[in-house]
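So, here come the structures, one by one.
Next come two complexes, and both contain chain A; in the first it sits with chain B, in the second with chain C.
Moving on to the complex of A and B:
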């Protein structure tokens, strides 16, 4: 990885300078500027990860195996117990594929998602506040989870290999992955932004993320009462798991539009929460160097 | 460490004494962070709740006892024990050995009057024992709340805990072998993750081997992972310590075999260390 004073190859891949160049190009719209900014970061993050190729390959492969082991667990479970509350083998595979892929997409592009609380507490947000791009998206995309592509590859492979979908089902799968990634990102932003109010909220954010992922990777119908209500409100695991599987079981346009609305609404809400929290942020006056 | 016991030099007994002193000191320091450790047991509470729901839902369609040989309360108490074993382990994001190798702190620690692996062993064992008993206490509390008590046989519980403590020693040896790979690999997260997941799945963390389909059960029975998780936990919920000596024998063999890569890799890794200045 290039050091802070290195003006060689690192400066040629500096995402901020690349995005600045794009923004100056005549006739290029705002969307293109953001896409260029995102792609520049993806390229820089990938180059950084590939600097340690063996480590990168090991982590991606290990994450795929990690997910595959959970899938083997569920296949073994459904081998012994054929059905749980109306859910069968294909339903649990779809659920795991959507959640793993959604999590993978979210943390591949937004690798700082579950680090926001720590960044706030340590006063490291200063770096992003001093740059011209809005701090939240910049903060999110400036890092990539090295193991996350393993989740994406696993989700795709598992879904295509075991469920054997047709073309409309593949399109539905891609849509559900994008909504899951959006909802996970929004939940991550909100739970991590609690650090603006609570101070050291790293443990709270971690427990919230663990709970969200845990509840979204088990068949939703096994939960009842208040827990089920929570899964569609404060801990929206139901929108990550239950609704996508329901769409595959019994497709409805209304349900799909509802899911898209929840995904978009959660992103808007999370941005609002972060902005409100940012007003409470106090600089640490630290001299910081970006990793 | 400033304990006078550590300044003594000598043979294996003096070394063992030093390791125990370090374990005791680490154990004592863990009590300073009980609140933080309790917060981290939230996940255990969550998993026990989820599995209670899963087993109850499954039982509505198929008799769980007939399929697994365990009642639902036994399955939950079994899970509390397996989770306590797995959750007491160091985080997969890297052990302190990984950290010391990556940051170069190892060079400083090598100057201590105790071999580095022995120091780490003492320190890690103290932490793990503390976390295990804390998790077990929380797990038992949650199990009592969600499924009620089950009859426990004192001799079987004693056998389960003895075997678990031996498992911690053997597990440390294998984890140390993975961690010293940091001398050559930038990040050992992937290998740690893989090892932990093998322990979870093939060790029978979520389900006892009796609940696995025959093909997977026969695979698990031929591999060592079940001796690290399934066997101690099974002893905990059964009324007799059946198979205790056999499990102890296998775990001891695993430990002795594990010492070969651990010591070999450590010695080779030390050749990579170059320290200069202060």
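Moving on to the complex of A and C:
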């Protein structure tokens, strides 16, 4: 059974304040507190998903099957043509593995990512705003996508089985998965946060996410001109797919640092957009229950 | 009630914790500042406007709204002012859309006001929301913080992490709350399988795990049956009395205020129309009760009861209004008890009628002053 923090200061008071407000652990202790918080949510999400075991197993399996279909298509293609715009079989598998794992990691830990717009419109943010944790990370982690572990398993298995990487390549793969997950998360937050301004932005957010994933799963060299420009700006699929594959083809520290900077920058930008939007939040009075 | 001059670090949470363990029974949770009772909620000219897109009905109106969108400003709160003292139980009542929930959401930092100022425990809610939320709790009758598919006990554990409650303190507090709210058999049941009343008991208990100093209850009895309502009222009242938790509740059920609060603020169209003691409200405006009867035999002749008016009648049912200034409800019930009754309900007049009476009384008073 999950338990709260072993050493927590929730009931200590702030002597500087007449009201005797609660103070919390600062410094390194915050990391432990956040780790415990995240772990508690992962456990609760897992328990919630496993309440319906057959549904859980079916969704994971269906997602792996769905991913495998695409991979089979590309493998069949490479049996006939060997190369597409300079990309070979291993490049495509790497691209698919990075995007699938990135998407899987993002939606496993941030299961509400593509539901933010709905949460805003239905006034469900109230619950998160009433609790003492930053609302954005809190709402993101408070749900787990049931099928997302299927994406992670597929990506990992495909990469290890077909590409047969060495240890440095595995490390690079993990790094690229994390940057892809970060950029996907940031894009999801920005597109879904449009609901603060547009109202019902669920469809817009969904279309943006679908476009991002579609463009990420084709070899980037086939795109040219304005489309390619868009893939490195407003629809940053290039950072999800092209840059990781380039790193595997021709590693460069500068390119890696650039990718890390883009991932970190996009997260900062998305947090800024969400916070700006939060000031416009209007809540609502629908009868709601947490799932 | 005793008042005690405490050092600043001796806060109400410590007192509450000690009172729970019997260490300091009877200590009031009052922190005197400059010889005055501490004000936990202070609201000054609070105004909240929402912008709403409007259009004429029909497809043409919809298409026109795309070309030339029109917006209107809805004033949810129109510069309200009030204060709430430490340990007080205050009701904010009014009809739907009056501004009750907007007030609570602004005071808990969920909404940013358009203008005006407010502090809760000395903090500005929308600027210091995280810090404030460690010291307050909010329960929404229409929003659940419990995990739908999991037993309530799992959400309790999660909340202990969210509030960073030390393990030993959490276990002790949970045990006490489970006992007090009679949650033992419910804690292991998935929330989706609980009745509304059971769920609300779990919601309130969950919100008290971190020992909040102020409890905001937004329509806590909405949709509950009479027995469940009664239970919730008893628990909240006990909490306020024994732990000294300040309670600010919204409701459109006059019964909630009668049983829970000492003071009441009646709000309508975003403005305060009455801020007075509940006893005054009862004496002046809650002078009627509506008794609903469902009869087991058709066409029974109802006896004439003094100071009671028949509002409506059907073959198996009747609605009576009792003037409680002139006749006690139990006396009326005693007379009605002789009839073949299948079911009986006693209700307060709707909030709209109470507000209408307040307005009428005010114009009458103004008229007298003008004369």
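Criterion: the second predicted complex is superposed on the first by the 259 of 291 C-alpha atoms of A that agree within 3 Å, B and C clash if a C-alpha of one lies under 4 Å from a C-alpha of the other, contacts with A are read in each partner's own complex, and residues count from 1 in each chain.
Definition applied: a residue touches a chain if its C-beta (ideal position, glycine included) is under 8 Å from a C-beta of that chain, and two chains touch if they have at least 3 such contacts.
All figures in this text were calculated on a predicted structure; none of them were measured in a lab.
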Exercise. More chain A residues touched by chain B or by chain C?
Worked result: C
For this session: Please indicate which partner A:85 is in contact with in the superposed arrangement: first for chain B, second for chain C, both, or neither.
Result: first
Exercise. Taking the contacts chain A makes with chain B in one complex and with chain C in the other, which residues are shared?
Worked result: 52
For this session: Could you please specify the touching residues of chain B with respect to chain A in the complex?
Result: 36, 39-40, 42-43, 46-47, 50, 53-54, 56-58, 60-62, 67-68, 185-187, 189-191, 193-194, 197-198, 200-201, 206-207, 211-213, 216
Problem set entry | Of chain C, residues touching chain A in the complex | 8-14, 17, 31, 33, 38, 50, 101, 105, 108-112, 121-123, 129-135, 137-138, 140, 142-150, 154-155, 157-158, 160-167, 169-170, 190-191, 210-211
For this session: Could you please specify the touching residues of chain A with respect to chain C in the complex?
Result: 1-11, 13, 15, 17-22, 24-25, 33, 36-37, 40-41, 44, 47-48, 51-52, 123-127, 129-134, 138, 279, 281-283, 285-291
Seminar exercise, completed: chain A residues touching chain B in their complex are 52, 54-55, 58-63, 65-66, 69-70, 72-73, 76-77, 79-85, 146-147, 203, 207, 210-211, 214-215, 218-219, 221-224, 227
